[in-house]
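Paired with chain B in one complex and with chain C in the other, chain A is shared by the two complexes that follow.
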Partner chain A sequence: MKLAHSMIHKLPKLGFKLFITTIMFVITLGLAHGQTAQEKGLAIAKERKARDLGWGDSVAEMSMILRNANGDEAERKMRMKSLEIKDDGDKGLTIFDQPLDVKGTAFLNFSHALKPDDQWMYLPKLSKVKRIRSKNKSGPFMGSEFSYEDMSSFELEKFKFKYLKDDKFEGQNCFVIEQVPTDKNSGYSKQLVWVDKKHYRALKVEFYDRKNSFLKELLNLEFELYLDKYWRPMRVEMFNEQTSKSTDLVTHSIEFKTGLNDNDFNQGSLKNLR
Partner chain B sequence: MNTTWLSLSVNRPKIVLCIGFLLIFVAAFGAKNLYFRGDYKVFFEEDNPQRLAFESMQAHFSKNDGVSIIIAPHSGKVFSVQTLSLIQELTEAAEQTPYSSRIDSLSNFQHTWAEEDDMIVEDLVEDASTLLPGDLDKIQKIALQEPNLLHRLISPKGDVAVINISVNLPDGDQTPEVIKITDSVMAMTDKFKANYPEHDFYHTGVVLMNYSFFSFASNDFESIVPLMFLTIILIMWILLKTLSGTLATLLIIITSIAATMGVGGWFGMFLSTATVNVPTMVMTLAVADCIHIISSMLFGMRAGKNKKEALLYSLDLNKMPIFITSATTSIGFLTLNFAEVPILADLGNLTAVGVLFACLFSLTILPALIMLLPIKVKAQAPNSRDLGHIERFGEWVIRHHKRILPFTLIITVLAVVFSFKNNLDDVPTDYFHESTQFRQATEFQEQHVSGMTSMDFAIYTGEDSGVNQPHNLKVIEDFSIWLRQQPEIDHVSTVTDTYKRLNKNMHADDLSYYKLPNDRETAAQFMLLYEMSLPYGLDLNNHLDMKKSATRIMTMVKNMGSKELVELELRAQTWFSQNAPNLQLSAASPGLMFAHISEINMASMLKGTVVALLLISGLLIFALKSFKLGAISLLPNLLPACIGFGIWGIYSGQVNLGLSIVLSMTLGIIVDDTVHFLSKYRHARINGCDAQESVRYAFASVGRALWITTLVLATGFSILMLSPFALNSEMGMLTGIIILVALAVDFLFLPPFLMVFDKKTKQE
Partner chain C sequence: MQDMNLVIKGHKLKKLISLLAVVPCLVFAEVKYSGNAGVEQRYFLQEALYPQQERSNISAYFSPEVFTSFNNGSDSILFKGYFRIDQQDSERTHGDIREFKWTHSGEEWEVQAGIGKVFWGQVESLHLVDVINQTDAIEAVDGEDKLGQPMVSFSLFKDWGNTTIFALPYFRERTFSGVDGRFRGPIPVDTDNPIFESEDKEQNLDWAARWQRSIGDWEVGLSYFDGTSREPTFVVAPNVDGDISVRPLYPQMQQVGIDVLALLGGWIVKFEGVQRNVFEQDNSVLINGVPVTFEQQDYFAAVAGFEYSFVGLFDSVYDINLLMEYQYDDRKELATSVAQNDLMVGTRFVLNDVDGTEILMGVVQDLDYSNVRSGFIEASSRLNDHWKWRVDAWFFSSDEPMEPSHLIRRDDFAQFSLEYYF
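Then we have the complex of A and B:
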């Protein structure tokens, strides 16, 4: 789940489905008194998902700024293309521009909630597409503090939810939701998400490692509204509490509904990138 | 010192005690500020090169110290369904270890292989319980050929496996974390031991070693050190035959230590592995001071004086020697400020204060206490034929002094020769007796898999992505190959093996591609692909820094001494500067830091103490107002250490960090023996006696006190030999030896020397 990319990809459904979901949500809220914490957590997660449905596709230019405990910095540049997929995880295509020695390397990913993702990588020097077969989702993304898992789309099936409490974060009223990953290969025992009550955006996430120690804190900052509906953070900061390393993920530009479709996200398309 | 001032203790004991205890209480109250620091930083100045190298490495790469769990199946076969299941389950369970950041084992090793254009990345062992014999053979073949596993996580015979748990410890004193981690790991393996009884488990690693250091030190502190103090009190009671005097001495020991540590607290000092020795050092001089005063007093009472007269007599007789001993010892300890190690300066300063407290209290509090406590001694009619043992021994020495003298010279020469047999070397694992679990574990590991010591080498290219450059990769590989050829090195983990494996995988597992990529882009792209496929906790940061501009090569080294480790580092640096002069290499690891600590500490400590002894002899020229006696005092000051270490050279020859502190431990007693004997001798000489009569006087007046002090302290320190912790047992033994030798020198060697070389000054 998570944010950064979750904010960038997103789900399908529009219109009718959205209508139904909203109605259900209103009903659910109405029943709030008799709700368990699990039910309430799920309801909030559903609403969060629902509010982000229908964005279609996006193209973004981004930088990752990696920082070690010493404060040294390194920058990685990439472009990310995302396609919203109904009833499954989204498809994503990442093209690396910097460092120069990996320029042109492209990573294609079909994210799935319950089975291992499908992943391919195009290696320009070898001029070959390699399929990666691995159950691992929790490794670091380009050596950053974001794990690959953090970058993939937010899907309800990936977690068990539980509402914990109301809280304020930076002056905004929030729900605090606990999310326990359902994938046993996840690197986390749980995540605590601060979801703002007004727009159902994840403002802050705390990640707990497998031994349930506080591992990382993520902040979504500088939200912008796209297509009058979709909020995206232009800056995402991830801080590792155990190693004091951090990574900032900065979105320089993002465009929606650029007309991408399934044909832009297959092994053949990988080879034909610029 | 003024006798009227001192007589206040005798005349107004209650007032002195009230004021004294009030001040002691105020001083001792500072102990509340004391805290213990066990971290490496206390040993190094901030600009120390080893410290900088280590901290730079920690900033660029993930921390890789931790606990190793060694698993030995009774069947001798790791590659069985049962043992692999155990390893897989234990690997998973180990993730729950507090502060753990990474688990490495046979089962979660990321095995990569190719199937046409697919690259498969998976755990080497998955679902162990369902493995068939063919799978087991395959896993065994892969594991025993994998340079990252062999000799680190699996023994070459396939009979012993290792699981490494790396931990990420916070800065500062890490003792609480170390205890927490060890307890957790022990509890975990206990559980597995119950489920898999056909396996033996051992624990090693830096965390375990620190835990063992701490637990043995604190066990000794709780059992053997109190036993030592008890023995000292008991022997003193038996020899002095006065309970009141013994109890008063005990109180002086306690108050001297309490006030000293309290002052340390007020000055914001912390406890460290060096300063924990301060109480013992202060104790030795407190014991000596008290015994001098009490035994002189008892002598006076036996001669018919009442308690008060006897006490005043004793104070008058002893105040100068006690003061001179304390002042010179104190100055001697202050010279430790010139040591390169910050905590040795603390040790010196605190002991210097403690020695002065012991002096002050034994001249004030002790007489006041004795005045209030009941002491009865029968007066004995003086009988010249009824000489004591000591006096008779003195007569024997005087009679045979010309025959003894050559022996002195021979023994001195022999001692110097044998003391050069000693080797200053610190083998951390040897601090634990062979009967201890930790020592057995490290020896088992070394015998089957590898040594426990790690040594890491970081190569900095100074350019982003510089590791991917073919010429740099070549250097890294050549250096790794060189490291593998070194006989002390059991295992080398290097990123070039990963590059070679990936190159092979990327070419459909064609073995002819098991070599470094030809160009920078290929290398970078392979590594990016690999990095994207790794699981939780197994990132590349152990081998590569964030910018891929630096790499770390990790080695496992045999459990050897500080000297060899430092020498190996030097050899590596030399190879590197000859073969890759434009790259920067640094070596670091806790083991290597410890080795440097030991080397610096041992040298500083021994040099410092010898300098202190020389300085004390110099000071005695002024204190005894005689150049000749000051020069002669070099003999009883230096010879005990010489002979002591000579005996040690014959007995063992290994001098470690713990032993280098022995000389400081005995400094006070050596000086005490010298000063008391020489000052009594000097006293007689000034009053017109010749050398022979003066020696006789010295024996008669101070011999018994020196004898009791020596016996008390030597027995006390020998109790430490009961410890399974070699740091303490060997220290106890050598301290005991040197204390005995110091007395032997004063009784046997010094008198003949005086009688031969101090003949003519009678008329001065």
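Then we have the complex of A and C:
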């Protein structure tokens, strides 16, 4: 879940503000000739990605709260280990603690920028590691409103970007970027992302289904700063506009640079997880 | 001398100190308790073949699990017990230690010792390659339940693949229905008087090795096993009391196995193949004190198939998987194998709902005899965080006395289970 990190150059203060704004406007106009909306969109996405480089690895304890249209709730508990991989997508390992019948089930994901992610499930009942088809990326993750592709890491190569407009979200100045998935197996025709200008964090994402209808809205909330650099939302809310079902992803704790390495993401060691 | 004494004392002290240093870790290591229990009601759709057998059966099981890790997670101990109590069949009332093992993990390697459970393979309908653990056959007709296997194993996790070597010092006999149980022949298998080809009987030291690797969209496994075959043949002979009995005979076996899974577009293609060498040549087996020589069998068996998924069917979140697998065994005349020329066709519905509802159904058709087939339905769903229901049903059709499935032709059943997880 890395839908949320970033930042920006601090905007100047007060007296300067008008002056600077004018300058910026002129520069923007000037750039407008040289920089297309696509280029600007890509530049913002690159900055968003760049500001989140170097976090290394993390271990998080999380809950998913699944809510149906009537408001009935069910809780999933899991631990998530992530490893940053240079020049490729990240590695992720999710161990489920609840529901109790899937306790010990582990989901191993190697994200890739261009080709489909490599994914495995460990089924403790059979002691079996099962390769799963990641083309199934639009399918729900654990019956939630998050799909498998929503759980994958943010990589530039996964989208074609386009800057749409400036907007305000919850009082924060944002860029609105359109992201069109490059993978034809994506469940989405496009995503609209509200990226705050200050920290380049994705604050809100609108997901549009294959028929271009508004499908889901994601909000990244309660941001915390880690290692003085990396912003993480402690609460992510995903609301399905078509079914009125929703899922909250709550981070109870997260630790960075815990010393994980490739060995912790080997399918041979999945059987030892509890 | 005194110096020596001091040195020794110093050593002892050091040992004591290091031991004391370990103790707090052991004490404060988190111990995780979990497990599940269930009640199963079975109802057989036809009148039984034998007078001792009943139409309905209730059974319950309990499977606790304890896990703890220490030394910053590089050591762990897992215990998984199993106990079942059965209304009708005293053989099915049984207990087992499914797992009780210590694991030590290093950088790119691992050692395990104790009782373990290992799964090898990729296909769904038949597990040929998977020969480490004995089948707890009395548990369920699908053969997916396994007995705990005593073992010591060493694994290497490298870029070029995961390699594990196993030493298996003790053999577990297969479980079979007793006289009051269904799923048996006219004479129940005499599990008290097994016959072994190995002179060391169940203490024959078996060994095995496996290499496994993911290469892009391919999963490839190679394995070797040398030891007592988990699959018995049967000998009809008088037992110690002079009664005719059906005794399981466990021969020696060498097996080379290969298992492959490939993701090809929307298709998942799977293959498992084994080359087996069963019975040593000129090796005689003592049956009631009489040496009997068995013909060496050298044969090939394989399962090949595919899975195709329709994701998000009709704009819903439902998935449908179609499965088809062909089972082949080149022992033409020998009927001990059920799967010598059979086709499994199945489908799995995944509702992707909060309750995790899944329905799997299928048919296994014998291509040699049109009237020999079996069908199954398995469905399950959560009731809440602790409770889950499950329905299993099996149907057997076989008019062919030469086919093993003929023995269970009247054992069609439906079973409803309630499971509790903690």
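Annotations for the structure displayed:
By our rule, the second predicted complex is superposed on the first by the 240 of 274 C-alpha atoms of A that agree within 3 Å, B and C clash if a C-alpha of one lies under 4 Å from a C-alpha of the other, contacts with A are read in each partner's own complex, and residues count from 1 in each chain.
In the analysis below, contacts are C-beta pairs under 8 Å (C-beta built on N, C-alpha and C of every residue); 3 or more make two chains touch, one makes a residue touch a chain.
On a predicted model such as this, the values are computed, not experimentally measured, just so you know.
Partners chain B and chain C, brought together by superposition on chain A, clash. Counting the residues of chain A touched by each of chain B and chain C gives the higher count for B.
Contact with chain C, but none with chain B, is seen for A:N266 once the two complexes are overlaid on the shared chain. Of the two partner chains placed around the shared chain by superposition, chain C is the only one that A:S127 touches, whereas chain B remains out of contact.
Look at A:Y148: by the touch rule set out above, it reaches chain B but stays clear of chain C. By the touch criterion defined above, A:N70 lies against chain B but remains apart from chain C after alignment on the C-alpha atoms of chain A. In the superposition on chain A, A:T105 makes contact with chain B only, while chain C stays out of contact range. In the superposed pair of complexes, A:D118 makes contact with chain C only, with no contact to chain B. On chain A, the patch touched by chain B and the patch touched by chain C overlap at residues 66, 68, 74, 99-102, 126, 128, 131, 133, 135-136, 138-140, 143, 187. Across the interface of their complex, chain B is touched by residues 66, 68-70, 72, 74, 96, 99-102, 105, 107, 119, 121, 123-126, 128-143, 147-148, 185-187, 210-211, 213, 242-243, 245 of chain A. On the side of chain A, the complex with chain C involves touching residues 66, 68, 74-75, 98-104, 118, 126-128, 131, 133, 135-136, 138-140, 143, 187, 263, 266-269, 272, 274. Taken together, the chain B residues at the contact with chain A in this complex read 58-60, 62, 95-101, 115, 117-122, 168, 464-465, 468, 506, 519-526, 528-529, 531-541, 544-548. By the touch rule above, chain C contacts chain A in their complex via residues 32, 34, 36, 67, 69, 76, 78, 103, 105, 107-108, 110, 117-119, 144, 155, 157, 162, 164, 212, 214, 219, 261, 263, 265-266, 268, 309, 311-312, 317, 319, 352-356, 382, 385-386, 388, 419, 421-422.
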